[in-house]
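Look for subunit A in each of the two complexes below; its partner is subunit B in the first and subunit C in the second.
Let's look at the complex of A and B:
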């Protein structure tokens, strides 16, 4: 077996009395596309926050590509190759779509060349290539405020991809998106991830999306991983159904 | 009557240009750092004093007419380049997360200290230089003989500043980074932007602009203690009327207030001082966020 790209061991964190992570062990292999499911408050987003440096676990360790990244600041983790997208897309609303992506493309270089245009030839081309990959070329010059939710989600993910990550963590890429759009969005982003050979983890509530796209699914419950394996097997496990799917029926058939 | 009105308009344009230079720095700093900097008036005054001192020295050299204008820019860069970073790092960086009232008090204290520094260095006698005005000579506009300095240079510098800043903030990488930090500091930091450097750069640019405003004013007005107070109060009026953080808006309200004031000078001198504030109060009563301000949306 190849060495895992991301490896979490014994992660623990609590907010007040609530254990959002209570001994999380999780390995992500290179090239995997892993879904994290579980009821609200199970600690799914907390895992993303700990892995990307937004939260420091109270105990436990996270290794990325063999190096310890536990508790490092977000900037440093981004530079090592882990990017994330957000449940609520974090776009700069004063910027156009292409500028949003270009800012992140430029984040690799130096920000302090006062008279260099943001959209110089190289940056604009790199940003445009990403927009085309994500089917966003048509809205390149639209303001971020003019977009619908699905487009905002894709832009947010394209921005994360502009950081050229090896691992991408996505928090509910299809939440808030019209039901008819969700497979289109997932097809687009899975194709882009495969083309760039990016490993990805995504938090998801929609079981149709999980079954259709994930290589593996990890079930979260009260800060612990209840089950992990191929979607077909995990999603038919009675314990999982009781713990997660029961609560999620509304979403599964939405 | 027509002649007087024409003269009032020329004076108003030149005055608006000077006020804009100070107001635009104030509004830029507020837009990015969210600090209303009372000490901004001191940068104007010190810029003027240093320009007058350098100008007087330059006038005594053989290259007097050639040096007269570059000296103004040099003074602005010297004052802004030294005071800006020093004050931002040593004082403001410690109070970004504090309450607005405390920030206002701290910058007010800075203003008082810098006011005394001016008196210690330059005394209380009026200081004046006219090198730059003489270097550019006079022009005839209709029946009026006017200085080219006030007719062309002041409005020209103000317009160049306006368009330069708009281009910088909208098109350049550094400008877009500044806007991104203004909008969402956390998200910008997460992608590798150093927000502290953005603050340092913005404050320094704002300080240089205020000092340039003072340097440009030094040949048209006598520098006396209190000149900084007048300018900061007037700039506040311009910035508040336009809407805090509004750069293009600051230009238009500077024109409105500059012209209003100079028309008052010629036709109703007793109202000269209050006209800008009457305009401000009238606007804010109708539009509390200023002419161009939107409630908590756009800041630069």
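Let's look at the complex of A and C:
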């Protein structure tokens, strides 16, 4: 087996009395597309926050490509090649879609050039290529505030991809999206990830999406990983069904 | 640069020169207005990031006192003004390292605090600053030439106009760059900038230092124009004045600060002459009308009326 791209060992963090991570061990192999599922409050987003440097684990270690990144600030982790997208899209609302993506393209490269336009030929072309990949070329000059939720989600992910990451962490890429749209979004997303050879982890509540797209699924429960394996096997495990699906069906998820 | 700015810029510059020919005493008013416009250009950079400084008179005073302190040794405008801008840059960097960590009301109030500390120092350190009496600045040479007062005023006005045009153009280029475009991103989604590997603090620091340099230069020009500097330059009402002008002119374009400063100085001068006791009320009423009916300032009104831009800020 090849060395894991991301390796988490013994991650622990608690908020008040709630253990959001209680000894998380997880390896992500290069090229994998891993889904994280679990009930609300299980610590799924906390895992993303710890991996991207937004939160510092109380104990445990995270290695990326062999180097320790535990507790490093987000900026340093981003530069090493980990990007993330957000459950609620975090767009620059005073900018157009192409400017949103171009800012990220520039951030990865020629940012500190005070008198070159943001949308110079090189950056604009790179941003446009990403927009085309994500089917967003048609809304390139629309303001970020004018978009529907699905388009906002894709823009958010395109912004993360503009940083040319090796690992992309996505927090619920299809939540809040009309169910007719979700497979379209996932198809676009998976094609883009494959084309750029990006390893990805995504938090997801929609079991249809998980079954259809994930190579592997890890089940979170109360800060622990309950099960991990191929979707078909994991999603038929009675313990998982009780813990995750049971709660999910009882919970009104739009 | 937005091509639609070329025509109004040239028209405004021509108007300034024409009015100064028609009414010679306006040379002084316009020079001071353009100098303040440079400082407000700096305020505009910070406004783009959603930050309001209530202390930028500090840098005007730093620039002005740099000229006053150095004048005995250096008698040349072409040296004094770069030195004023440099002093603004250095102080701006030192203060900026601290204030760029803060946002909103804390940012505004910390700037106010720094400017008032400087004001007190200028007032109390009488041995160096002559306190509230201030320091007289003998008229310097320009390009090594000693000019008579009228020629000197013309030279400073035209020079300041040229600086305003050049720096306005540079700032508009800056605003279109990734760095300049990251300023509104600080306002809307600062954390996302961090997740792009960009330090929002550093971006704001760059804008802050640039704004301090512009205000320092403006202060140097003011000292070379009024030929007398006092601690009042650093007083908080003068910082408020800069913010007032920024809102009056509108933050939508680099022309806004200069338009705002010219209108502000003209209204102030004429209102003060016509209504000595009520001119501040008139200025207040003007600002109220602008905020209520034209929130994007005079430049926004120009856009709506002449350019018919339907884009809402």
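The rule we apply is simple: the second predicted complex is superposed on the first by the 248 of 254 C-alpha atoms of A that agree within 3 Å, B and C clash if a C-alpha of one lies under 4 Å from a C-alpha of the other, contacts with A are read in each partner's own complex, and residues count from 1 in each chain.
Operating definition for what follows: a contact is a pair of C-beta atoms (placed from the backbone, for glycine too) under 8 Å apart; a residue touches a chain by one contact, two chains touch by 3 or more.
This structure is a prediction, so every number in the text was calculated from the model and none was measured.
Chemist: So, on subunit A, is it clash or fit between subunit B and subunit C?
Modeler: Once subunit A is superposed (C-alpha atoms), there is a clash between subunit B and subunit C.
Chemist: For A:116, select first, second, both or neither according to whether it touches subunit B, subunit C, the two together, or no partner.
Modeler: Touch status of A:116: both partners.
Chemist: First (subunit B), second (subunit C), both or neither: which does A:163 touch?
Modeler: A:163: touches subunit B and subunit C.
Chemist: Answer with first, second, both or neither: which of subunit B and subunit C does A:197 touch in the superposed model?
Modeler: neither
Chemist: On subunit A, what residues does subunit B touch that subunit C touches as well?
Modeler: In subunit A, positions 52, 74-75, 78-79, 90, 92-95, 99, 102-104, 106-107, 111-118, 123, 163 sit in both the subunit B and subunit C interfaces.
Chemist: Using the touch rule from the top, collect the residues of subunit A that touch subunit C in their complex.
Modeler: Residues 52, 73-75, 78-79, 83-84, 90-95, 99, 102-104, 106-108, 110-118, 123, 159, 163 of subunit A touch subunit C in their complex.
Chemist: Spell out the residues on subunit A that touch subunit B in their complex, using ranges where they run on.
Modeler: Listed in rising order, the residues of subunit A that touch subunit B are 52, 54, 74-75, 78-79, 90, 92-95, 99, 102-104, 106-107, 111-120, 123, 163.
Chemist: Write out the stretch or stretches of subunit C touching subunit A in their complex.
Modeler: Residues 170, 173-174, 176-182, 184-185, 187-189, 191-199, 206.
Chemist: Where on subunit B is subunit A touching in the complex?
Modeler: 168, 171-177, 179-180, 182-184, 187-194, 197, 298, 300
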